[in-house]
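Look for chain A in each of the two complexes below; its partner is chain B in the first and chain C in the second.
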Partner chain A sequence: MKPIYFDNNATTPVRAEVFEAMAPFLAPDGGFGNPSSLHTLGQQAHAAMESSREKVAALLGVADPGEIVFTSCGTEADNMAVIGAAFAHREKGRHLITSAVEHHAVLHACDYLEKEHGFQVTYLPVDRFGRVSPNDLRGALRPDTLLVSIMAANNEMGTIEPIQELGAICRSAGVLFHTDAVQSAGKVPLKLKDCPVDLAAISGHKLYGPKGIGALYIRRGVQLHALLHGGAHEKNRRAGTENVPGAVGLGAACAVALKEMSTDEPRVRKMRDRLETGLMERIPFVFLNGHPTERLGNTTNLTFDAVEGESLVLALDQAGFTLKNDALPGLEVSTGSACASGLLEPSHVLKAIGVPMERIHGSVRFSLGHFNTEADIDTALDIIPKVVDRLRSLSPIWEDRQKEKV
Partner chain B sequence: MYSPKVMDHFQNPRNVGDMPDADAVGKAGSPTCGDILRLYLKFENGRVSRATFKTFGCGAAIATSSILTEMVVGKTIPELKAITNVQVAKALGGLPPIKMHCSVLAEQALKSALEKR
Partner chain C sequence: MNVLVAMSGGVDSSVAAALLKEQGHRVLGATLKLLRQETGFGCCGSTRDIDDARAVCSTLGMPHYVLDFADDFQKNILDPFVNSYLSGETPNPCIACNRFIKFDALLKKAIALGADAVATGHYAQIDVREENGKTVRRLRRAVDLNKDQTYVLYHLGQAELSQLLFPIGGMTKPEVRDAARRFNLKTAEKDESMEICFVPNADTAGFIKSRGEGQPVPSLSIGPIKDLTGKRIGEHRGVAYYTRGQRSGLGLSIGRPAYVVDIDPATNTLFVGEDEEGASGEAEVREVVWSTGNPPQGPVRCSVQIRSRHAAALAVVTSTGTLAHVRFDIPQRAVAPGQSAVFYDGDLVIGGGILLRSVPVGRQERTNGNDSV
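On to the complex of A and B.
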């Protein structure tokens, strides 16, 4: 029985169109050339890279493909934006602003700048839905602020940040604005050329492209220090022989996303909404974490009270075993519980929106994608209440809840 | 990540439930930390005759609770006092290093039951 995959914010499968576009560049007798080489093979690889750059630029709504730099992943793109901007503009000041709900690719880069290089970082709080307030940003700006970095949409709860407004504040203050667009690229339309955004990071494997490739949009004229030093690749902005198959895959994924977003997004959103309301109707004591409306259409983060998230993830993964019915497929989801993280740290995102610790431990993220079907939702709505019931039957907290009700 | 034995005890937990006539009740953990174990013991002729549990926690916490209820049956109080978290983890075929604290939770619940007896 094929499992039902609801973890598309963690990673997505490579789409067939993407795989086919990449294959000629991976085949033993294929286009293995180095784009820096002047011979025909090299120039073929070069042309493929440039054509992919155009496709990435088109998805991001960027007029000039020269503003796109390929990186090895979303994390590298975020690091390049944050660390590269800090080093290039340290004459202006030592202050950066970000939010408490950013991905670790931004948070830990900021942490590194604070600890190792004497920068100061302000971490803006968010409201109970995970939104940064424009007024808080205005209040945090200083004459020595060199960069503001706020994500376009949150990976854990899907909350969409008011990027247009936040960027405009930075623009009028003359401060660079970076956005981690890893989760929103391919899910919501972006038109960066009309946005007050200077830097934006994306990742291949979050939009049905391969792993090992990302990109950073760098608005023309914005100076960054490079993270990697070596050859003159990517116009001296990112040294290292280009990942040609990866870049071709990212380009193909961007082209598919641009073509299908307007039909795919509402279809996925409809399924997500049916899953979310269905679970809330069928299971008592379920809470939504994140913004009810200003949210990615594929994501829902729910707390199942009195159940611990790691055990729920395991039990759903082996739903057939859990419910003693081999005909049932497994459900693949993720959790913000500390018990599921390698460091036993609960989700910093859910902490930042004020979810009590006990409820963070019971949080589960369902992130849908292109390959989900209405039948998946029917099956999930059948399986999940039964699995939650089973775990609650083991839970002393649930026992207490029942007593409270009486 | 988990051994087959851990998964077996997680998916088929033994001796789940409350025990209204328990002779000893042990508690460990807190909801803030993400795990709570309640252990119930019934004694007959100085030995544990029945043990049950209820646990809120991760797969390892549920599995350690389950195996603990098997390990304690037939034991005298001095024998119960000698049970360590390492023995609990070993009985499950080992636990991932970051999950060893779940076996500590089991030992604490047992100790708490014996203290309150």
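On to the complex of A and C.
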């Protein structure tokens, strides 16, 4: 029985179109050239890179493909933006602003700058839906603020941040603005050329591209320090021989996303809504984390009261075992962010929106994607209530809840 | 049957999983994450055991999960372990881990996930018989007596025993290794770990020091070593670092071997003497459990094991509520508070508890009165 995959915010499968585009650059007799080489094979690889750069630029709504730098992943792109900007602009000041719900790729980079390089970081709070308030940003800006980094959409809840407004505040204050667009790219239209955004990070494997490739949009004229030093690759912005098959894959994925977003997004959103409402109707004491409307169409983060998230993830993955029925497929979901899972650290995102600790532990993220079908939703709506019921029937906390009700 | 196999990454639990899988059970592998390990540059942060368990599951074609019990472990094993040493005891953290983690928290989680039983790679057997129309289960020593682990499992009651499987309890260690080779398991030749799993480099003293510093107890500071007449004959590093029956590391030159006979944490004093003077004829045991759930009426003739590598000694045990009194036929050396006393009827476990106090022969008359232990 093929498992049902509801963990597309962790990673997505590679689409056939992407695989086919990459194949010639991985095949033993294929286009293995080094884009820096002057000979024909090198020039072919170079051309493939540039064609991909155009496709990435098109998805992000960027006028000049020269503003796109390929990186090894979304984390590298975020690090390059945050650390690279801090180092390049330290004469302006030592202060950065970010939010409490960012991905660790941004938070831990900020932490590093604070601990090792004497920078100061302000972590903006968010409201109960996970949104940063423009007024809070205005209040936090200082004359020595060099960078503001706020994600375009949150990976755990899907909440969409008011990037346009936040960016405009930064622009008028003359402060660089970076956005982690890893979860947004391919899911919502981005027109960065019309946005007051200076830097934006994306990742290949979140939009049906391969792992090992990401990109950073760097608005023309924005100065950064490089993280990697070596050859003159990527116009001296990122040393290291280019990942040609990866870049080609990212380009192909961006092209597919641009073409299909307008039809795919509403289809996925409809399935997500049916799953979300269906679960809330069938299961008592379920709560939505995240913004009810300003949210990615594929994500729903639910708290199942009196259920331990780790157990629920495992029991859904092994639905056949848990419900003693080998005909049932597994359901692949996650608690919060895959990058932090296995640690059982309570999600910093849910903490930031004020979810009480015991409810954080009962929170599960369902993130749908292109390959999900209405039949997946039917099966999920059949299996999840049964599994939750079983876990609750053995939970002492649930027993207490029942007593409270009486 | 649905079975969750607790897998440490060693050969024993690997073979337990392989046998159950071979018998046709629906099997899930789980490795427990017990420590909030710091990992990163310059620190080893080994997850080798988890990787080994995962590799074995992959070979066997069964799912594998890492379950995080670090909070439970900190609260129920690490903190009590340190506190026990600081109060002059010699704890057995494996027993505490079995009692609070594997056969409590993990067992509950496994049942919730749909398991009918939890299996481990312990060397122990479960004896099932009908008594007065009721099914009664007792732990029986493993076939391989060198490897027998019933000592660290004595607290298992009827409820737990009915939900446990010890698939290798009837095998010898060489048989287990042969089976591992037959199943082509990566762990077939893996060394056994004898150390306490959470103490780096087997340096218990260093671990206690690093964890116990700042606590308002004298047991980590220099104190007197006295002979059994009360004469000061040397200095020690702090009673937390010593255990009864210990011979080496005292730094004394008194012309004959000296053994730790007694530890007084209140005054941070170590009493040393001849080996025989450290033997105890009687002991009190706390947190006593009886396998059937019912304490025996009156004294029970049985044999009592007081540490992992101890040949159980004949004794009479009398239950006094949650405590029990043990009177050995022959005084036993190194009866160390904090270790467990396990009661056996032949090779069947009938109960046990944690050693609370015992007065060594050489300290007897002197402690009757003001200087009680």
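Note that in this section the second predicted complex is superposed on the first by the 397 of 406 C-alpha atoms of A that agree within 3 Å, B and C clash if a C-alpha of one lies under 4 Å from a C-alpha of the other, contacts with A are read in each partner's own complex, and residues count from 1 in each chain.
Operating definition for what follows: a residue touches a chain if its C-beta (ideal position, glycine included) is under 8 Å from a C-beta of that chain, and two chains touch if they have at least 3 such contacts.
This structure is a prediction, so every number in the text was calculated from the model and none was measured.
Novice: Considering only the touch criterion stated at the top, classify A:49 as touching first (chain B), second (chain C), both, or neither.
Specialist: Neither partner.
Novice: State whether A:176 touches chain B only (first), chain C only (second), both chains, or neither.
Specialist: After superposition on chain A, A:176 lies in contact with neither partner.
Novice: Using the touch definition from the top, say if A:310 reaches chain B (first), chain C (second), both or neither.
Specialist: So A:310 meets both chain B and chain C here.
Novice: Which partner, chain B or chain C, touches the larger number of chain A residues?
Specialist: Tallying touched residues of chain A, the top partner is B.
Novice: Tell me which partner A:394 touches in the superposition: chain B (first), chain C (second), both or neither.
Specialist: In the superposed model, A:394 contacts both chain B and chain C.
Novice: Touching A:322, do we find chain B (first), chain C (second), both, or neither?
Specialist: Both partners, chain B and chain C.
Novice: Could you tell me if A:380 is touching chain B, chain C, both of them or neither one (first, second, both, neither)?
Specialist: neither
Novice: Need the overlap of the two footprints on chain A, from chain B and from chain C, as residue ranges.
Specialist: Comparing the two interfaces on chain A, one with chain B and one with chain C, the shared residues are 308, 310-311, 314-315, 318, 321-322, 342, 344, 394-395.
Novice: Under the touch definition given earlier, write down the residues of chain C that touch chain A in their complex.
Specialist: 2, 26, 28, 33, 63, 65-68, 70-71, 108-109, 111-115
Novice: Under the definition above, what is the set of chain A residues touching chain B in their complex?
Specialist: Touching chain B: residues 306-308, 310-311, 314-315, 318, 321-322, 337-340, 342, 344, 346, 357-358, 361, 393-399 of chain A.
Novice: What residues of chain B sit close enough to touch chain A in their complex?
Specialist: Within the complex, chain B touches chain A at residues 2, 7, 10-11, 13, 16, 18, 31-38, 54-62, 98.
Novice: What does chain A use to touch chain C in their complex?
Specialist: Interface residues on chain A, with respect to chain C: 308, 310-311, 314-315, 317-318, 320-324, 326, 342-344, 390-391, 394-395.
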